[in-house]
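Some structures to go through are shown next.
One chain, chain A, links the two complexes that follow: it is found with chain B in the first and with chain C in the second.
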Partner chain A sequence: MLSYIIRRLLYTIPIVFGVMLVTFLLFNVVRGDITDQIAGKAASAETRAEIQEAYGLDKPLFFDFKQSPFTKAFWNSQFVNHLFSAATFDFGSSYKDRELIWDKIKRGAGPSLALTVPMLIGTVVISISLSLVVAYFRGRWMDYILVLISIVGMSLPFLSFILFGQYFLAFKWGLFPVYFWPDLSVWQYTALPILIGIAAGIGGNLRFYRTVMLDELRNDYVRTAYAKGLSSRQVLFKHVLKNAMIPIITQVVLAIPFLFLGSLLLERFFGIPGLGYLMIDAIGSRDYKIINAMVYISAILFVVFNLITDICYAWVDPRVKFD
Partner chain B sequence: MDNLVLKRIIKTLTITVLAGGGIYVLSFLLRSGGIPENEVVIYSAIGSKIDSLDPGNIGDTSSSSVASQIFECLYDYHYLKRPYQVIPQLAEGLPSVSEDGKVYTIRIKQGIYFTDDPCFEGQRRELTAADFIYSWKRLANIKYLSRNWWVFDGKIDGLDDFREYTKSCKSMDEVDYSRPVQGLQALDKYTLQITLTKPWPQILYLLAHLPTAPVAKEAIDYYGKSIINHPIGTGPFVLDKWNRGSYIEMVRNKCFHDEFYPSEGQPEDLENGYLADAGKKLPFADRLFFMLIQEDPPMWFLFLQGKLDASGIPKDNFQQAIQEGQTLSRELAEKGITLKTFRNPSTYWIGFNMEDPLLGSNKPLRQAIACCIDKKRYIDLFTNNRAEVADGFIPPLMKSYDPDIKEKGFGFDIERGKKLVEQAKQLNQGSLPVLTLAMPSTDVVARQYGQFYKKSFKEIGLELEVDYMDWPTYLGKMHQKDFQMFQSGWVADYPDAENFLQLFYGKNVSPGPNNFNYVDPEFDKLYERASAMLDTPERTQLYRQAEAMIIEECPAVFLLHGVAFTLHHSWVENYKPNTFQYGLSKFRRIDVEKRKAYRYK
Partner chain C sequence: MTDSIQTTKNLQKPIKGRSLWIDAIGRLRKRKLAMICFGIILFYVFIACYVQVAEWTGSSWPTNWDESTGQKYESPNAQNIFGTDIFGYSILRKVLYGTKISLQVAFFASILSILIGVPMGAAAGYFGGFIDDVIVWIYSTLSSIPYILLILAFALVLKDKTPFGFKLAGATTVYLAIGLTSWVGICRLIRGEILKRKESEYVLAARAMGCSGGRIIFKHLLPNTFHIVIITFSLRFMSFIHAEVILSFLGLGEKDKPSWGAMIDSARLDLPKGYWWEMTAATLAILIISLALNIFGDALRDCLDPKLRTD
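Let's look at the complex of A and B:
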């Protein structure tokens, strides 16, 4: 198992390298120079040149053809700087406000997780519970109604959940604060966005878990269990739920790295100073350094949680072996 | 499935809901004390993130409105008087100017102190003339990478040489600020003398512009790069908390010098209650909150709930707020909300790149395009009529605005446009290619603009392609002159039409502010002459002459001048809009009881 983990961790290197290459190409090659944005209006050519030097933007993207040998030509490039800053986790300062990117990430992680973790837990618990109900009532009115509600929920844009919740639940009926406010606790200003996130997420999740449960219920072992005289409770909770754990674990564990990224829309509409808000702002202002840092950390988290998922498979299903 | 299963599932769901609800209710019970009830607090919204609170590097409106509560300049604009009038702030009086208009001597008020801070090691730190010299040299320091060097670029004797010297330094810290600059002298502790390279009367406005606010060298040395988080000024408020990406909290500056509410204003100010606090000590508020709210719906809801004291009107809520005749709706009036409208010093346009081989040499084509845009329809469609038709580039707010400009400009005239297109075709060997417009946004509204322009161009037989792009890409294209036409605009930094004229000055072509790349020696001569003159009727004539020249040559189609609509609640007093002054919170007075009653209701 240890060798499997080491091998999988080594896979991380080419995967993360690939991610870094793609982000670099997207933001440096395809989207062009950002000097003008940093320099502000009416900046002189010399100021722009100084900015380019200060941020290493005067260096060639991949190769300095004037340099030789090859290693030197490659070494003195923006791409190497980009890789180096990622490898050392030294992401530098934001182009926009010159604040250290690590400070931004540290500050934003808490609010983002305060929003996304309860959202994930709530969505998973409610979806799995309801999926067991609809699986049991399959083909009956309860099943149809819940499936219909799920489809409607999935079809509605996420923004409409936000606008509906903010207008009716917060503004009209005053059940929640409309927006972040300095004298509110984190639970107060995240309550409504969490509720909206859960409501918007249940549709898709319920459909997925219902399919998983129905697949399991059709298996021979379920009939055998009932034939042995086990109660529905024992069949569903001891057998079906346990056997359905692999897709559930895949779904849940792979969602964990994205918790770190926060929720772009919810954070912006409810003023939650998290990483989703940071990311959407960085994309808007093309603060490539922030995007790079966030993508890099997410890529690493994604690979690590993928590995954890695989390890969990062996834990819940003894048939899974690491070769 | 038996009932037990259902019960278990329902139990799980109930526990989840109860746990969530319990935490929510508990959070209300355990809430912290919050803001003391007896404090006067102003709540404002800002629409974009604050980049910096270091005046030397501030380049956006949101940061300026926040930092202006902390920092002060030598001069400011009178809060009540119109047309806008420059008055002393940190200076004792207006500068004495030499006969040749090049030497400005300014006496600084004594007894002005920077706010107390550990960087001053427990001593009170008085503002001196040397602080201005240091701050302006700092702007010149190329290693500082200030966005605001344009303020002094080429204007002060010897300051450009200082900038040249900083190029040889390896880092910002290596720069020797004791190195003398001929044009910046402290004659004594409180007297500053500025020597200009040429007469530049607009300097007075720039000395009221936030980037020229003084900072203390001790603070810069003490905090280094994190000075952006530690603004130390002389203004009425000090930073208490900066929750980046969320809100800024300020409290009253205990070291603030004596400043009083103005006792004079416009004749109607007395009637409007703007002089009720005449002569009272400023500021009136104890605490300020600037909430970052980038989306319109929450901002509007918070305003209607009475959480925000003032607000703009989001496009989607315009019908709710404003009724026919551009007056406040009954619904809002009944809530005690007041509407204030005022002209902005802004002009928006479609610009032509005069270096483009087709457009630059084809005046009839440019004029034809000017004829095909129905500006009234544009204003109605895209601004809820919150704008005025622009015939020239000088906004009606400016003193030198030409009341007869309508007759000089190109109005909406399709027939004339068609005739001009025929002339344009003849000049271009009988046909015209598809034209391209650079649009600095990719959102839905930008695409609606694009559709409108395409339709307008088609009316006179022209084909248009709109190139939608993000702001940085657009800026890059402007600086590299890599475009044919562009949509843009300008909001004046100061109330002098020179600020618009410089956009067409030959020496300012891209990457400078002249994105039209318009070069006309005759215009340049006129600009150079007028911009060095003091505010006289002769200068106004020259400005108008220059504007007429531009309208005739048509490097741009001027579309509109902005009109701002703002709302405030009944508990906000002294809310007189001011388009050039940013640090306005000190004048505002809040009736806390009225606000409490509204919120309770």
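Let's look at the complex of A and C:
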């Protein structure tokens, strides 16, 4: 078991390195020189040089071929600095207002989680309950109606859910506040976005869990349970649900890292000052450092949760081996 | 006794072989709903092609979406069935033109991700060893970054770049960003499928006859896995259309021409004023093709690969 954990841990090293490489290629190599963007077009040569020095843009990307051993500059290149700052989680400060990116992220995490955690719980609970209903009524009109609703839900664009939801529920009928306001309590300003998020998420989730349940229903133990005279209800809730927990838990655990991202669109429309809003802002002002930090942090969270799931599998099921 | 003689006689008659595709098409034809959905998809493709041809030949309708056809914010009426927007442009024309842009984006994104994902998945599965390790490393890395963030990051850095003197703007950025990020899924699927099939007898026979690795992959293995590509993309096409909407809304997509995403973005501010028609028209356009793709994709999967059937 210990050797499994160690090998699994070692396996994450190339992945983390890969994420650092991807962010470096995207935000330092492909993006190009952004001195003009930070300094403004009318900036003097001195200002430009100052900015280049402050953000390390004057250093070579990998090697400096003008120096005699061109590898000498490697240890102070943009690439090594990028690796170092990523490894120490030091993302520096934003281009726009010079605030530390960590402070921004810490401030945004709370509102984002207040939005996404209830959304995840609501979506999972409702779609699992509905999937059990569907499995119970499989092949009958109830099944067809729910499947049809879930396909329609998947087919509607998320933006339409948000816009029509905000327009009808908040603006026209006044059931919820339309927009974030600092005086409102958390529950007041997150209620409608949570509701919209759940409504939009149910379609795809219901289909996924329905497939899971129907796959379980085909197993031999279900036939045995029916054969010994159990009712449909007992089979579904006592046997099928318990066995279906494995794919359900995987799905839920791997959704957790995405909670920290908040919801880009919901936060933008309801003005919730979370991490999604932070990213939309950063996209608008081309603040690559914030996007870089968010991509990196979310990838690391994903890797960590993936690791936890795998270790839990190995712990629960001794047949799982790492090769 | 007579029965068995009868059967042997029947067996001696030559049985006409049916390929996987003919078999699947025969089964698909029996499903009325799937055929209706296929008709809807063809209709959308026809509109997109028509707009493209009209643009090439300089024909005026419906490429003249930027001509006002009435007062501003006319509600749906006989002359403008979907009403008009803030500039008095016909929303019908905008929807038709948007069909071209959105389908174009989804089509090129699919082509790009097939061109990257399929050969890489095949190479990883067939050759194994170091090649496999590198390709698996690349896609595990990309898939550990949340999908929407990855697309955003790609679209953000690719926007307004000019590689090889070709300016990336609007729809081009969108399909490059989607295509360069979404090959991961198909690469993983093809790798798994090739791994499973490369030990089968026909591959062994091909190898015994001295076929090269490339020939075995492209002539024998990929044709046998290609239905998976078709199934995946009939279902993924919808998510590409939706991704275009989100990117356009975030200002990373088409700006000067009306795509469905750009329409929703511009209708966002009209909705609170009560001008619901542009938003509704774009939503309906997306909803109908997504529904058709969803239902047709499911039917196609059931017919082509009964093992994957969900119910």
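We adopt the following convention: the second predicted complex is superposed on the first by the 301 of 323 C-alpha atoms of A that agree within 3 Å, B and C clash if a C-alpha of one lies under 4 Å from a C-alpha of the other, contacts with A are read in each partner's own complex, and residues count from 1 in each chain.
The criterion applied here is as follows: a residue touches a chain if its C-beta (ideal position, glycine included) is under 8 Å from a C-beta of that chain, and two chains touch if they have at least 3 such contacts.
Since we're looking at a predicted model, the values are computed, not measured.
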Review point. Quick one: chain B and chain C on chain A, clash or fit?
Key: clash
Practice item. Scan A:167 for contacts with chain B and chain C and give back first, second, both or neither. Key: both
Review point. Once the shared chain is lined up, is A:302 touching chain B (first), chain C (second), both, or neither of them?
Key: second
Review point. When the two structures are overlaid on chain A, which partner does A:83 contact: first (chain B), second (chain C), both, or neither?
Key: neither
Review point. In the superposed arrangement, which partner chain does A:286 touch: chain B (first), chain C (second), both, or neither?
Key: both
Check your understanding: Counting only touches as set out at the top, which of chain B and chain C does A:50 meet: first, second, both, neither?
Key -> first
Check your understanding: Of the two partner chains, chain B (first) and chain C (second), which one does A:27 touch, if any: first, second, both, or neither?
Key -> second
Check your understanding: Of the partners chain B and chain C, which touch A:231 in the superposed model: first, second, both, neither?
Key -> first
Check your understanding: Who wins on chain A residues touched, chain B or chain C?
Key -> B
Review point. Taking the two structures together, which residues of chain A meet both chain B and chain C?
Key: 31-32, 163, 167, 171, 284, 286
Practice item. Enumerate the contact residues on chain A facing chain B in the complex. Key: 31-34, 36-48, 50-51, 54, 93, 96-99, 104, 107-108, 118, 122, 125-126, 129-130, 132-133, 136, 163, 166-167, 170-171, 178-188, 191, 194-195, 231-233, 236-237, 268-271, 273, 277-278, 281, 284-286
Practice item. Spell out the residues on chain C that touch chain A in their complex, using ranges where they run on. Key: 137-138, 140-142, 144-146, 148-150, 152-154, 156-158, 161, 238, 242, 245-246, 249-252, 261, 264, 267-268, 271-272, 276, 279, 283, 286-287, 290-291, 294-295, 310-311
Practice item. Please give the residue numbers of chain A that touch chain C in the complex, ascending. Key: 14-15, 18-19, 21-23, 26-27, 30-32, 138, 151-152, 154-160, 163-164, 167, 171, 210-211, 214, 257-258, 261, 264-265, 279-280, 283-284, 286, 288, 291, 294-295, 298-299, 302-303, 306
Point to revise | Of chain B, residues touching chain A in the complex | key: 1-2, 4-6, 8-9, 12-13, 16, 20, 23-24, 26-28, 30-32, 34-35, 49-52, 57, 59, 142-143, 145, 147-150, 153, 167, 225, 228-229, 243-247, 249, 289, 291-295, 297-298, 301-302, 304-305, 307, 470-473, 475-476, 478-479, 508, 511-513
